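Once you scroll down, you'll see the structures, which are given as structure tokens.
In what follows, chain A forms one complex with chain B and a second complex with chain C.
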Partner chain A sequence: MNYTDAITGKNIVKKYKNFTLNQPQLHIPKGFTTALVGENGAGKSTLLNILSGVRLDYEGDITYFEGSESMKTEQVKERIGFTAPNDYFFSNWTIEQICQMYDVLYDNFHVQRFKDLIRELEIPVAFGREKTKRRGLFDRRKGSKQVNQLSDGNRIKLQLAGVLARDTDLLIMDEPASPLDPLMRDVLCDKIRSYMEEGDGERSVLLSTHNITDMENVTDYVCIMEQGSIIEQGFVPDLKEKYILVKGDAEQIPAVSGRLFDMTKNSYGFEGILLADHSEEVAGLGLSMETPSLSQICVAVMRNYRKSR
Partner chain B sequence: MRISQTSGIPIYQQIADSFRQDILTGKFQEGEYLPSIRGLAKELKISVITTMKAYEQLQAEGLVTAVQGKGFYVNEQNREMLKEQHLRKVEESLLEAIRSGRLAGISDEELKNMLSELLLL
Partner chain C sequence: MKRIKFYRAFTSKLYRMNLLLFPLLVILGNVAVCLLHDRFLGGGEWVIYFQMNMLMVVYLLHELMTDNSLISGLAGKRLREFTAFLSSPRGIEVFRTGLVMDLLRKAVTLALSLGLIACVNRVFYGRSLMGLPYALQCFCFIYGVMTLMLMLSRFFQSMAVNLLLFYLAMIGVNVLGTWIGGNDHASWVRAGQSVYLILGLVVSVISCIGTVTICVRKGRNAYYDE
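Moving on to the complex of A and B:
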């Protein structure tokens, strides 16, 4: 698969007392949605904070858009949108104030689009009528809600409305789906696909998620992270050819033991992941073979890494 | 186009099959562009890479051509040749069925009946 980089990283290192992020090479493909997967504390948020320019205290080189820009260039922040799982608005701000802040901060922010998104994402806020301009964008009589009056899900949606109301070329989202209900996760996926379509290959999305099953139908490229480094990555169809889901009966366990990349046994048999390169080793044993889900691949890779550590 | 997530047939394969049929039956005219990769992904609620893989397969089969920045257009098809190829495929499959039938001792009459019944499906 030929592709160019939306983000290119070299020797990215960030040291904490008990944890080190260390990513010698990083390539996030342009024109695709990349999912960053990994257990809690693997370093996903640290990496995303660095890539989005929130954290600047790291070593290494990062460039954007096929190497054309870095965080030092003026317009790069206009081209990147970032959402975080924690609050990044002041909690006593109203939605109206947030809208005004975005308008001041970014040249490419569209107030009307923000309002449309607020409606579409069903964020509870009362709008003033268009004609009564003196009441502003939001109807104060009905009250424009403050951030701290919103649920976790609505706070994330507010951030999404903020980034999607701007014209950007790269969205970096840290756990955008976690606080959302199933219906809104579906809306999120639709929004990502629309964003990609409007970009026609020029836009990219990088998101982290615990719930890869919900995001599988929007994910093109996966990076699996463990202990501060990406241990496996690739386009989804390629990974689905590399790893094979095998199942067998209890009697077959001795014959396959040690030949599988990952295996879980139960009283009646086993299920495991086989590397396609090693498939001839178990040929003729009569195992059933299937294409694994993205979630099954991620779990196997993470478990295999822990075992071999 | 109907996409099944549970049929066991990869989704990109289902998309490629559907477009192949549309091209061979002339629903897509020569020179016509297929829907954009990302537009189709949005419509079908699937990932970009899945539609891309489907289009790449059609390209490998010589049915479409990729144009940088414009998408995939339908090639001029040699319909007679394609039909011939498909006929040969059908013939092979039927021969295989006949061989299996003979092995199982099924009479020609029974086989013919079976085929007529299946054609009604």
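Moving on to the complex of A and C:
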């Protein structure tokens, strides 16, 4: 598939005491939604912090939008929307204050769009005139909510409203789905879809998740991360061609053992992932072969990586 | 204009409303002092010493408490809530401007309070009871103590610790007064003590630069991924 890069990285290294993020090459395709999948502590948040310009203490080169911009001037941040799982705003900021703050922090922020999104996402606040109309000037129940009075889910929705109220070309979202209920996850997926559609191929999304099942229907490209490095990446259809889900009975286990990329057994049989290139090796064994889900591929790749270490 | 816009975004409406109450408090407090002073203490020009001491206590307490409500623990170890600033191209500039403007606002509040005290005294006694050098001496010293306390208090989130700092500050001022003025523990309120003016000025400058530098540095390194 032909594509250009929304983000290109070279030799990105960030060292901690007991952990090193080391990514020799990074290509995030433009015009697609990329999911960064990995277990806790794999380095996803660190990588996203680096890519969003939040963290600047790393080694390596990163360019954005086909190499046209870098983080050196920080102006590229105007084109990037970033959401983080927690601690994004001062906890005593009110929602109205956040709206004012976004307005001074970014040139491309639209106050009215933000208010519309707040209403659409059902975040429990009211703004200025709405307050006076409904319950008088000081509607403590709705109007003066602070961040620390909101649930985790509403905090994420607030960030989502903030980034979507701006004209950006790239969204970087760290664990956006985790605190959301199933209904809101669906809304999040819808919002990502419409963001991409409105961008007409010029916009990109990079999000991280522990649980790819939630975001599978919006994901075009996947990067699987383990121990500070991306160990597998590709477009979803390509990965689904590369890996095959294989199922069989318990008595077939000795025949396939060692040939599968990853396998889980129980007393009745087994289920495993096979590399498509090796499918001939198990041909004729009467195994059931299916297309794996993205989640199954991710789990198999991570488990295989662990085993091989 | 841009700086004012940044400051308005940086501070909440409640915080700004709270600041408007302070001058009112100063007027009421000093009217009460003048009335009670004449009635119970028999008058005398040393009412100004009492007024300055009271201003120091109330101003320090007010600024520490309001600052705690606005940005408590900003220079502390656990600062994390900074991503909104870090992900913006001008986040650090807005943050720094907010801090500097608030320090300026604190200075204006103090100057205004001194002016109001002079006005109240003029109404009661026909003159302000303080000349410009005396007002400057008190301004510099009170502002110096406040900024030093502010710099320290921003390392802690807890209101209780900030209160403790306030008590320590009061003890510190008395100890310093005794040390500089012999047995006069409140020597800083006496007229013509230029040592307090110089001391206050030096401490103010160091504390203001210090608190802004520390908070900005802490903010820049406030990553949530560690």
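Worth a mention:
By our rule, the second predicted complex is superposed on the first by the 290 of 309 C-alpha atoms of A that agree within 3 Å, B and C clash if a C-alpha of one lies under 4 Å from a C-alpha of the other, contacts with A are read in each partner's own complex, and residues count from 1 in each chain.
Operating definition for what follows: a residue touches a chain if its C-beta (ideal position, glycine included) is under 8 Å from a C-beta of that chain, and two chains touch if they have at least 3 such contacts.
Small disclaimer: the values here were computed from a predicted structure and weren't measured.
Of the two partner chains placed around the shared chain by superposition, neither chain B nor chain C is touched by A:K242. Counting residues of chain A touched by each partner, chain B versus chain C, the larger count belongs to C. Of the two partner chains placed by superposition, only chain B is touched by A:S194; chain C is not.
Of the two partner chains, chain C is the only one that A:M101 touches; chain B does not reach it.
Once the two complexes are overlaid on the shared chain, A:R259 sits clear of chain B and of chain C alike. Of the two partner chains placed by the overlay, only chain C lies in contact with A:W93; chain B stays clear of it. Once chain A of one complex is fitted onto chain A of the other, the partner contacts of A:G53 are limited to chain C, with no touch recorded for chain B.
Note for the complex: chain A touches chain B at residues 31-33, 189-190, 193-194, 196-197, 199-201, 216-221, 235-237, 290-291.
Across the complex, chain C is touched by residues 16, 45-46, 49, 52-55, 57, 74-78, 80, 82, 84-94, 96-98, 100-101, 103-106, 144 of chain A. Against chain A, in their complex, chain B makes its touches with residues 8, 10, 12, 36-39, 41-42, 45-50, 53, 69. Those residues of chain C whose C-beta lies close enough to touch chain A in the complex are 5-6, 8-10, 12-14, 69-71, 80-91, 94, 221, 223-226.
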